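In what follows, chain A forms one complex with chain B and a second complex with chain C.
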Partner chain A sequence: MSAEIRLMRTPAEQALSAALEQVPSAPGRLNELRRSAARSFNEQGLPHRRVEEWKYTDLRTLMREAVPVAGPAGVAEAEAAARLLAGALVRRIVVANGAVVPELSDFSELEEGLSLLPLAAAVAAGDERLSRLGGLVPARYDAALALNTALAGDGVLVHVAPGATLARPIHIAHVAVGQGPAASYARSLVVVGEGARATVVETFESVTGQADQVNSATEFYVGDHAHLDVVRIQALGPAAVSLTTLLFEVGREAQLHDFAFTSGAAVARTSLYANLVGEASQVAFNGAVLLKGRQHADSTLFVDHQVPGCESRELFKHVLDDSSRGVFQGKIVVRQAAQKTDGRMMSRALVLGDDAEMDNKPELEIFADDVQCGHGATCGAIDDDLLFYLQARGVPLKEAQSLLVQAFVGEAIETVEHDGLRDALIEQAEAWLKARG
Partner chain B sequence: MAMLDIDNLHAKIEGEDGKEILKGLSLKVNPGEVHAIMGPNGSGKSTLSYILAGKEDYEVTDGAVTLDGEDLLAMEIDERAAKGVFLAFQYPIEVPGVATMTFLRAALNAQRRTRGEEEVSTPDFLRLVREKAGALGISQDMLKRGVNVGFSGGEKKRMEILQMAILEPKLCILDETDSGLDIDALKIVSEGVNALRSPDRGMIVITHYQRLLNHIVPDFVHVMNKGRIVRSGGKDLALELEANGYAEYQQDAA
Partner chain C sequence: MPAVQETVEQVRSIDVDQYKYGFFTDIESEKAPKGLTEDTVRFISAKKNEPEWLLEWRLDAFRRWQTMQEPEWARVSYPPIDYQDLYYYSAPKAKEGPKSIDDIDPEILATYEKLGIPLRERDALLGIESTGGTRVAVDAVFDSVSVATTFKEELARAGVIFMPISEAVREHPELVRKYLGSVVPVTDNYFATLNSAVFSDGSFVYVPKGVRCPMELSTYFRINERNTGQFERTLIIADEGAYVSYLEGCTAPMRDENQLHAAVVELVTLDDAEIKYSTVQNWYPGDKDGKGGIYNFVTKRGDCRGARSKISWTQVETGSAITWKYPSCILRGDESRGEFYSIAISNGRQQVDSGTKMIHLGKNTTSRIISKGIAAGYSDNTYRGLVTAHRKATGARNFTNCDSLLIGDKCGAHTVPYIESKNASAQFEHEATTSKISEDQMFYCRQRGLSDEEATALIVNGFVKDVLQQLPMEFAVEAQKLISVSLEGSVG
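Now for the complex of A and B:
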């Protein structure tokens, strides 16, 4: 029982507990949700390497420094920081330091069936749809999520009515701005009604190289026969700590395609929980992770097949330069009722740096007897024969490496359906390679 | 001055116990000439082609190679290509995820940049590829796919010739281009090569069999054995080899 062995509380833990004391009371059940999350954190604190799910990402050590909770962001500052996907491609909502910036957000001319509003506004108005907030929080304690539940005051509520189709992707642009490192928390709720179709993008950026702690959690309810595409781009500054939690519930015969592009932050952890509760759905969780220097990125996925006949796919591509470290942990649970489950995960890493490291931990927990499940992992350098072939045609070494790295991550990026977003992701990968020189 | 001048080349496989493969090979190739190099398995033919292209698995221990008077062995792999060296691979490699068009364009433009020339414009490039691909029976679908991915042996060889036609090298080295080709494919590939014969261009055609040389008629034929050229002659030498085999040379050298 780890809770009984109380570790010395770190300065970061003490500061976080102090911040939790300051949480204003919220109306209704939200208040109890926040209090309960704060209590859990005070009891269990930050995870360390002896907590299995956090074995490779010892937050207690990696987040030693306490940083104050970020104050409100200036509009001009936030505008300058929100650079990704600018333009007409998406409907953008800017969330700066954890709060929606109305001046930079497009709430006008909403498509039929779309409700879109700041989460804080929904809370203030007593919006009934918030009854689903916190509904997907897993039973097992998750420190990043508990902090988010307790401390996030704003974010975005997206509600797509049954049968509606959104013309443009909804873009939640998180930015961390301001003087000195600070912590920010944003919570969003996305509900896609029966048969509806939507694309949601979340991006994370910060302007400076300061050690911001950016904590975001988003709950997604995907209705029966609904089709949801989700894309994340995490491009925070090189000293930031990024903690992201994704919670999904997927109904019957639904389609969910989630893609994560990660190239930012000193330490990044994404925890993804997906509950498949409706039969015959198809879900995919894919990612491209490009790291350099001493960056550390951990993608931990829990996919829970609770009902028969669902298909889940995971494909993660890591490109690891210098002494960076990638972590992929994938757990697929197949409950006894979930016959005819088809679940597969694959992690491939391309190691460019001499001191880079990749840790893979696939787990299958299968209680049904008629299922197909598989996992695989590969890890290696760029093939010398491929390099020679390109060089022998006149392509210089660095450019040849870039072409091959692009081809490698391209396999994952190609799974993104939206043309404009896919192109933007390819550009991100190209920019990363260009910066590598 | 010969365009390519290989003088007393000695080379071994990289590493301390690396076996010596080339043992004093000399060869001069002038613009406009086609030289065939024939010889038994293990005589060092492919090694020679790799060393000229710049593969790093070999170590030159003695001798020199110049291209138009410049030290070829001192150049990077891509620099050699930009100077006009082209190796048509015996086993062209599949490059998944890199579209053939992207690859061709990257190669052509990289070479042009290295030579201080302007990059080719998109319409000019598309026109060039369409024209050359058509002559080799390479479809638009093949050009859209990853380089060589899922191609048959014959298709891969045709793709090598297409690259050669687009890059317009000064020195073409064809390493067993006939291996794995049926008669029809051999004809297409040979026609592609013959179309590239020019007074400015030299070629080294490496082959086991005389068959290819019926289609690509050489000016000179060299017999290679145990790391050096043991006999040189005109095109009739190939016929003699076809009739008598390599046994006599293998004994001589032993």
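Now for the complex of A and C:
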């Protein structure tokens, strides 16, 4: 409550502003999009704890330095790094250091109705479907998104024609490789046409323990009656900074199910913005976050009910070991027109480490009276009674804990519909528990 | 659900234009010159015959206040307040300080009679006996000064000090100096700092070791004068093993302009002590178009300093154009307990941004928050709360339940809880719907043969009554009259 403090620009902000001066010019509308994003970053910089949306993730402090923008990745390097879901029945596109690696990507034999191409290629070809790029804008300035808009040169354009059904999930595998910490920016656009059905998987990996800064933003347009499943796995190296922005627009009677598995990075922030613009759609945003050491992960959701009759569900499970810190901020907005909204948000945290911290901020902002909205948040250690029950039956302590943690995160993972992906996620959780010992 | 319908009708019937305490008492008053300067602060201090240290304390606060900015984070909006266009001190003109109740201006006595607050002890006794309740000692604050305190002698026999704070400064300087500003520091926030500079009166309560205060204590605040800010300061100390229940009520005349009320309440409990603080806030809310009404910017905080101490806040908020109020508990002592029960009703153009803070510092501390918000008309009703457990606060437990109900589609209900747990053994639960009843409780009821509906009704009823039942009997009646609203069938 003191006087406005003029903030000094941090070295990171200065370095980022310098990088923004190098923004290559792009054709047409994209050029202005990039320039205006760069301008707003130069004006507003990185968020700090006085910025309400970033209260618990003070990027100014957590991202002291900005590392140089990554150069092109070697094919072999990228191939070695992309290990998640290898061998799964997916169509894989590898995005290494923010650029699509055609040698490792499967653009062949596209199903009917599917267009899939590197974003850079679409930009170069002046693809008119790009008119939707940058079309979803959060209400408030978002530094991570501004940087991404200005600096991302490549990514994936997925376009599913109305009525088409994709047989295989599309897997966008982001990898950070190379010597020395580097920053990469990737931007993707996913458009699922009316009545179409698709599954998109995004994974994030890095081989080294380098302090890479991985910034990714994806816009999803879910058409009327369309059905989209999104699965994200963030398993970056333990020193990385991960900034992810997801923007959704959901049409009438559509179904969207998004699931995020987070176990990587030193600092991870996911901002998810969902605009429900068509009546009677159903959306779910679920997640499992498993952290150890001094990891920090922040999942922030804005679900904006603009029209009547939509249903939204959020279920987040945090498992916090050692002195890690989990943050969940979820905001459900119900506009005056959005009568008959049914919104339910649940955040549960299991705290294993004595020094771990969980910050929950579930918010409701409701302007319509005929709604069913609620949120819950719990946080605590493993129930001693449950442990005792298992131990009394001869299960050793560690194993008993593992079982209970598995059951705990299992509830969220079970919501993933795709069998193969669900199994892969369960494996990820098991591997995390095994590594814990 | 019929319960919902009943609620809807009852709230509608609380017409905003039917504020029955809106009369004005025409009484000559003595005011400080309009505006706020160091001279105003000196004037108030001189009026109160204050010692030098308190004047310095005020001036220090005033200087700090000048460097501060009004907080903007709350979900309320109002035109900027011109702090130079207010009177900071207004007192009913009296020839001499009233020696006894008979010396008080009959106009003022009549005012309190009209408000249903008996200041004459024999009336109080008569009135109370006929309703069969217990006795209540009242400190009546009229604009900037305390005009009467009842049952002083009987309280003194028990060792309880209950007097206007201006008197306590002179008679018990050691206590006031030790505790004043120790819970809400001078620099705490914009309005608390303003209050520290210009506070005029308020109540002071000290309950000595092991004493259970023989009666309820009560302060009744009345803003009468035009363009006057009321800045009262309440300080309540419960020494080891003591217990006191304190009630607060407030009303103001109907006026077209907004009036500022920026109070500070500090509570301190030492080992095994307990303070129960109840408020029925019924300041003038403004007319149906949002003209006039009180800006209620209040800082209330309790410090559970001792082990096993307890502070409980109960509030029924129905008035004020804008409410900005977060009664908090600092749970410093091991095994201390904080409670917050709130019913906040907003109608017309009212804006409420209220909630609580439970700050767990000691071991095995527990807290409970039950908040029921009802928004009607064009109002906005926000619950904003913080529950935090410090690293060393092992075994901290919190249960929070905040429900809100919207009546009509022009109003808004918002929930902004902050839940921060910094150690593994802390156990926090937060829920924000009535339908989200703990499965354990349902299971318990079902196991005993209740159907789901019966079980739900039982548990929900229990929750709602929790808030009303927290009020002392005298206030519960008033509160029920004020709202008589059933809270079943709420919406997040």
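Basically, the second predicted complex is superposed on the first by the 429 of 437 C-alpha atoms of A that agree within 3 Å, B and C clash if a C-alpha of one lies under 4 Å from a C-alpha of the other, contacts with A are read in each partner's own complex, and residues count from 1 in each chain.
What we mean here is this: a contact is a pair of C-beta atoms (placed from the backbone, for glycine too) under 8 Å apart; a residue touches a chain by one contact, two chains touch by 3 or more.
Being a predicted model, the structure only gives us computed values, none of them experimental.
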Clash or fit (per the criteria above) of chain B with chain C on chain A: fit
Partner chain in contact with A:Leu403 - chain B first, chain C second, else both or neither: first
Which of chain B and chain C A:Leu390 touches, first, second, both or neither: first
Contacts of A:Glu411 with chain B and chain C, given as first, second, both or neither: first
Residue contacts on chain A - larger count, chain B or chain C: C
First, second, both or neither for A:Leu364, with chain B first and chain C second: second
Touched partner set for A:Glu112, first chain B, second chain C, both or neither: neither
Overlay on chain A, chain C to chain B nearest C-alpha distance, Å: 10
Residues of chain A contacting chain B in one complex and chain C in the other: none
Chain A residues touching chain C - in the complex, by the definition given at the top: 1-4, 52, 336, 339, 343, 349, 351-381
Sites on chain B touched by chain A in the complex: 53-56, 76-78, 80-82, 86-87, 89, 92-93, 95-98, 102-103, 106-108, 110-111, 114, 146, 163, 167
Residue ranges of chain C touching chain A (in the complex, touch as defined): 67-69, 71, 73, 189-190, 391, 404, 406-433, 435-436, 491-492
Touching residues (chain side chain A, partner chain B) in the complex: 384-386, 388-397, 399-400, 403-404, 406-408, 410-411
